[in-house]
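Going by the order they are written in, the chains are A, B, C, D and E; count residues from 1 in each one.
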Amino acid sequence: MRVLPWLYLAAGFLFIYLPVGVLVLFSFQEGTLPVPPFEGPSLRWYAEVLGDDDLTAALLNSVVVAAGQGAVAVTLGFLAAYGLARHVVPGTVFLRALLIAPLTVSYLIVGLGLLIVVQRAGLGLSLWTAGIGHVVINLPICFAIIYASMGAQQQNAERAARDLGAGEFDVIRLVTVPMLAPAILAAYFLSVTLSWDEFIIAFLLTRFEVTLPVEIWSMLRSGLSPRLNAIGSVVFLVSVTAVVLAEVLIFRRRR
Amino acid sequence: QEELNALVWCDHTDPKLIEPFEEEHGVTVNLREYEGTGAALALLEQSRPGDWDVLVIDGIDVFRAVEAGILAPLPEDELPEADFFPEVVMKENNSADGVTYAVTEKFGYNTISYNAEAVDPADMQDLSTVWSDKYEGRITIYDYYLPVMGLAALASGIDTADITADDLETIGGVMSDMRANAASVAGVVAAQTALATGEVDIVVGGGEWLTAVLQEEQPELTWTIPDEGAVRWSQSIGVLADSEKPDLALEFVKYIVSPEGQARLATSSCFWGMPANMKAGEHLTDAQKEVLRWDAQETYLANTQLYPAPDTDLDIEMQDLWLETLQQ
Amino acid sequence: MTAPVTVEAVTHRFGAFAALSDIRLEIAAGEYVTLLGPSGCGKTTLLSVLGGFLEPGEGRVLIGGQDMTHVPPAKRPTTTMFQDYALFPHMSLADNVAFGLRMAGVGKRARMSRAAEMLALVGLGEAGAKRPHELSGGQRQRVALARCLAVEPEVLLLDEPLGALDLKLRRSMQDELKAIQRQVGTTFVHVTHDQEEAMAIADRIVVMNAGRIEDEGAPRRIYREPRTLFAAGFMGEINRIPARAVAGRVETPFGPLPATPPAEGGALVACLRPEAVSTAPAAFEIGPARVRDAAFFGTYCRAHLVPEAAPDLTLVAHLPPDALPEEGAVLTLHAEPDALAVFPEE
Amino acid sequence: MTAPVTVEAVTHRFGAFAALSDIRLEIAAGEYVTLLGPSGCGKTTLLSVLGGFLEPGEGRVLIGGQDMTHVPPAKRPTTTMFQDYALFPHMSLADNVAFGLRMAGVGKRARMSRAAEMLALVGLGEAGAKRPHELSGGQRQRVALARCLAVEPEVLLLDEPLGALDLKLRRSMQDELKAIQRQVGTTFVHVTHDQEEAMAIADRIVVMNAGRIEDEGAPRRIYREPRTLFAAGFMGEINRIPARAVAGRVETPFGPLPATPPAEGGALVACLRPEAVSTAPAAFEIGPARVRDAAFFGTYCRAHLVPEAAPDLTLVAHLPPDALPEEGAVLTLHAEPDALAVFPEE
Amino acid sequence: MSARADSLKGWGFAAPALLWTTAFFVVPFVVMAAMSLATLDGRTLIWGLHADNYLELAEERYLWRAVLVSLEITATVTVVSVVLAYPLAWIIAFRVPARWQRLALLLAILPFWTSYVVRSYAWLLVLAREGVVNQTLMTLGIVAEPVTLANTRIATVTGFVHFFVMLLTLTIYANLVQLSPNYRRAAMDLGANAFQTFRHVILPLTLPGIATGAFLTFVLCIGDYITPQILGGNTELTVPQVIMVQLGRRADFPLASALAIVLMALVTLAYLACARWLRIDRL
């Protein structure tokens, strides 16, 4: 009875780690097929992956899109949260619902809608359009996180600042943003993560320059290979490093 | 730097194929891959004029592109068609009213791939035993409707060129049997995975393009053309009418059909296939030729029929039938 | 720096709900006024109107004789100290205190020296480099005060400044607040719902209830001679003795009172504070009463007694701490007649 | 249902920190005991040990004479009333109150009638169908009490049950709690950090500090003759008068005290409560003192005075409410000698 | 500041976000809705109020089958994920010592930092006939022959469940720890055993969290293309797969739009089903 929970926990973690374990293991496969029996270990697929220009370009594109769209989403989300939380705007409930709405819609629908409009408008597809799509899905999240953290404590500090003669811009710059820094960073971090891993919008809305998930998708369509394991393992490693850094640098400080 | 935009099948996205051209001409080639002529035509239709310079398209569908007025005439004399396998020059496909709009660049077969250690090779010579109960759950169907329906037609004694809406019922019946015994319907990688990992032992619609890359490690994975024959695919390449860089585009086409380009295209990473240009053989190793079954081409060409080439309406009906069969 | 404040017929509604109804108030320059009332009575709303955080629906606010009704907080000669202090957590104490001067464009050196001076005034001269989270509640409150004082407001508005502190610290902060007010001479308007705090600190108490002013005046007057039954009840525990007006006199179960009834005919209530009930003889005799229970409260014994003349009533009395009355014992109770305030029944 | 509780040499550590050190306590059946002490002194920890939510590192807990140290909460004859009441928000009041009986397998009809009875006991007989969020704080507390009483515990454990209420409601809930305890006769152990509450309600107060028991006894004894300086200070405001032991006598700035010094040679503190300072003559003379300030507090005037015999000292005195002493006036102060408790300086 | 000026300022701050959402979400959505009422004649798009696409949806078996398949898979995934995740969240919240809880959660999230596409592909390897699962089953003697797991609905569901167990563990955990521990204590104190405490107190109190998590699961699952496409073996198609076929092979935007609208309607239904407990702005 006492060990049952621990067994369940262990089973849960086994399930969660199973695919990643297999993925990483067979990234060291010597042969050309990432299935048992395991031959190796070998780093040949890593060497191949790191030498692949398309992949490195896609990786860079992903970083740029994720970082850029995150900045836009957080900025817009912050401004909207500030406007709706700190000023009495008629119809706030409706506006909040509008801003949150994309969250309840499948990414595929967001992507398809944008694709239709971009093509009807005769605009070209590029990393920009993918970035726009990513802002659409991340703006609600940034807005919700920042809005939720605009509590009474912040509000009183802002009032105090105004009372002491600060203009609205100074209040935002000197009080609101620094006080909300943890929430703003968390929102940014989350939206970067979601963009980094997003496939369908990026797939529908890009053309020649693509993001990493789309590049991996086309690799996947062109053959089963430990290359995929290697690239997956590299992405995993980079992401984990990023998470751990963020955890240490951002979230530790909050407590 | 000048850029060339090409809409292609995935075999053209191999850097080993593209980079030599880019270096020689100091340009960047942007590639967008697609699968299925419908998708390509739709994509072109929704693009702005001048967006695209080069198009790679199924040989049997060139006429549709010509009808849509999107291809530019090609200077026949600058193309080494004399060096081609005669069966794949396909003048009637690549030209209209005496004007050449495209040139064949690669061909191969959609037929039966299988694991020689797990099935009886003799069974593979007869399409009716290939997808019989005997191999229930051991089959994957290649996820492209044209070749698979072509095979179904051949199995029913219908020539691929003669398929009409009236034949769909017959073809549908065959496909229904096929689907009932299949474990999955799979794209290139999934089909490869399935075959390589022993998930299935037969890929209907497979061929050299599926097993060639696996040859070295898993020689038991092979392919054959059954007695009823099989479907032959061919790809053509052409220049788009509203390209703003027609000269560079033509250079690219010439590079692709040159012996060097052909050899690289034949063995490109996405899938292998026979080069249209026989002179490519000089640039291929014996092992590569062996995998491509270079020497058996004469027989194969004789025993295979081109992809079905439906008009727009029939095409839609065929696609619906295909999806219908998948969802069965 | 100090200024008088005048509130002229201010009414404010949230939707249909009147949070403030026709508030009229004169506060002299340098006065220490507390707004006292139960939760939700409109204290914070009134303070926000004074501070400029809320524009009243009707009425005017004058500060130093000038109409400030529509002037934003930043431009008013008022500063507000918030209940949670609203210190900026990401700034040092010195930066917090210097913030108002920074906004006024005072140079770095000048404002830092002024901040140090203000911190010294509140006894935190050494702590300028600390962050607010390193301070105790009482210390934070002092920083908040220093931040307000640094901009030399003419009127300082305090919203339950001691609400978050425990009783002991609260009493000592009250002393300090009062001492600082004496020193700087600024007009203080201080919101509280703690009647002891109000009495301890204010020159004048304004008792509010449901958006209205019920009573205002010196603490002692309000405690002893409240204008309304609400004020009487809110200022401290009371015994409510039912009474009636009969022929110009007030009749209670314990006999007539020498007071003029506030209204003829209707039911009345005579209020008597527990500490006014005594076992020593006085002019108004309550008579024998049985002790239901009694507890020692340090400075007094608190007893519940059932008087024989009115067995439905339970009186609370604060008796001398020396002898805890025994349960069931019978005491004879008295009170001074002027300790009884009479109001119409509500 | 009632039972005695014995705590035998209980020590409990969180990591290296001793939250409870060698606690020994006897509680008689039916007694009302309060655990009183500052925040973090271990009150909740001790209560958790009694309730079975925490197994103490060392020592034993006996309830009704039986060793309960390792018995889980569900199997103990104790019930705990939590500070946040922990009413189940998704259940009606009646379902809340009936929960314990339901768990004990009591049939629906029986448990509902018992729940109604319990709700009636706490004055909420009509509200059984309501949900907790529809109640005021005071009402919630009563429901929580009813829920505990419904299972007829032998010992009821209350963790700061009145902490969330405002002062007025608090005082009236104290009366009610005590009345209910009298009625049901159950042993009550009640945690608080409010000394007035402890005095108002307890038969016995246990004063805790830093994981230890500093003093225990009747409220009056603890207030008047605390065993330690900590207990003296914690039970109410005190004036600390520096003193020294000289030749078996206690010397203060105001002359010798007739007490035996607790320790020879060292510095001492004589503690005097503000209300023990009086202007009426008494045996111990403090002498003339100048009024620094004074405020009216309703039942008394609170004054700060600087005695001439010790000008560094400021004494707090509670003087009669009739006359507010004027600032600067000089009063002659006295105290009864036995009102001064002497401790070694800490 | 007057109320009017104040509200204008509020609008000003919110304007960029509102414009963005309107231009890139609302307008596309409306255009898509209009597109779903258009029809294709050959390759020519004809706008108007045509019901063709919706009629086709009712007539073409593969289309309405896709809706059914999507619903079946999504419902299975949602239920299985909740049932598996709840105990996991419970154990992390109440059994794992407080200072290890953060680490446990972090460890649970880490694998999801591989690319989504790669993760699905990795499941393909795990579930293959020669994959780890089959090898284990055969070593343990549970099966004699490898079982077909990859390219089946089981594989799709497994891939989804893998992701959503993690997601739901997080949401349910957050719900569990924000409950006052006194609820549990009070229930135990009143004689409830562990199961009764769960059944009568904890479960009802965490229902809103579960509903929110389940809704999120529903939305993300029913709209996903990657997992069924990579793992499902194409033997049955979900709505997103059919949408992608319409787009990629036929460029039939009207039909794709109609399918997207249907997807939207399904999500709305799911929303209504758990609206009672949902707090969308807390998603």
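By definition in this document, contacts are C-beta pairs under 8 Å (C-beta built on N, C-alpha and C of every residue); 3 or more make two chains touch, one makes a residue touch a chain.
The chain lineup, named per UniProt: A, E = ABC transporter permease; C, D = ABC transporter ATP-binding protein.
Everything quoted here is computed from the prediction, not taken from an experiment.
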Starting at chain B, figure out the least number of steps needed to reach chain D through touching chains.
2
Least hop count linking chain A to chain E through chains in contact:
1
Neighbouring chains common to chain A and chain D, by label
C, E
Cα rotation angle, chain C onto chain D, in degrees to the nearest 5, is 180
State, to the nearest whole Å, the distance from the C-alpha centre of chain C to the C-alpha centre of chain E.
56
Chain B to chain E, mean C-alpha position gap in Å, rounds to 37
Compute the distance, rounded to whole Å, between the mean C-alpha positions of chain C and chain D.
26
Mind pulling the residue numbers of chain E that touch at least two other chains?
3, 128, 130-131, 230
Residue numbers in chain C touching 2 or more other chains?
72
Two-or-more-chain contact residues of chain B, please, as numbers and ranges.
46, 187, 193, 197
For the complex, give me every residue of chain D touching chain C.
166-167, 171, 175, 178, 193-196, 199-201, 218-220, 223, 235-237, 273, 275, 293, 295-300, 302, 304, 318, 321, 324
Can you name the residues of chain C that touch chain A in the complex?
51-53, 72-74, 78-80, 82-84, 86-90, 99-100, 103-104, 147, 151
State the interface residues of chain B toward chain E in the complex, per the touch definition above.
34-36, 38-39, 41-43, 45-46, 137, 140, 143, 182-187, 190, 193-194, 197-199, 312, 316, 319-320, 323-324, 326-327
The answer for chain A against chain B in the complex is residues 31-33, 35, 52-54, 119, 122, 124, 207-208, 218, 220-224
Chain B-touching residues of chain E, taken from the complex the two chains share
42-43, 60-62, 65-66, 69, 124, 128-131, 146, 148, 150-152, 230, 233-237, 242, 245, 248-251
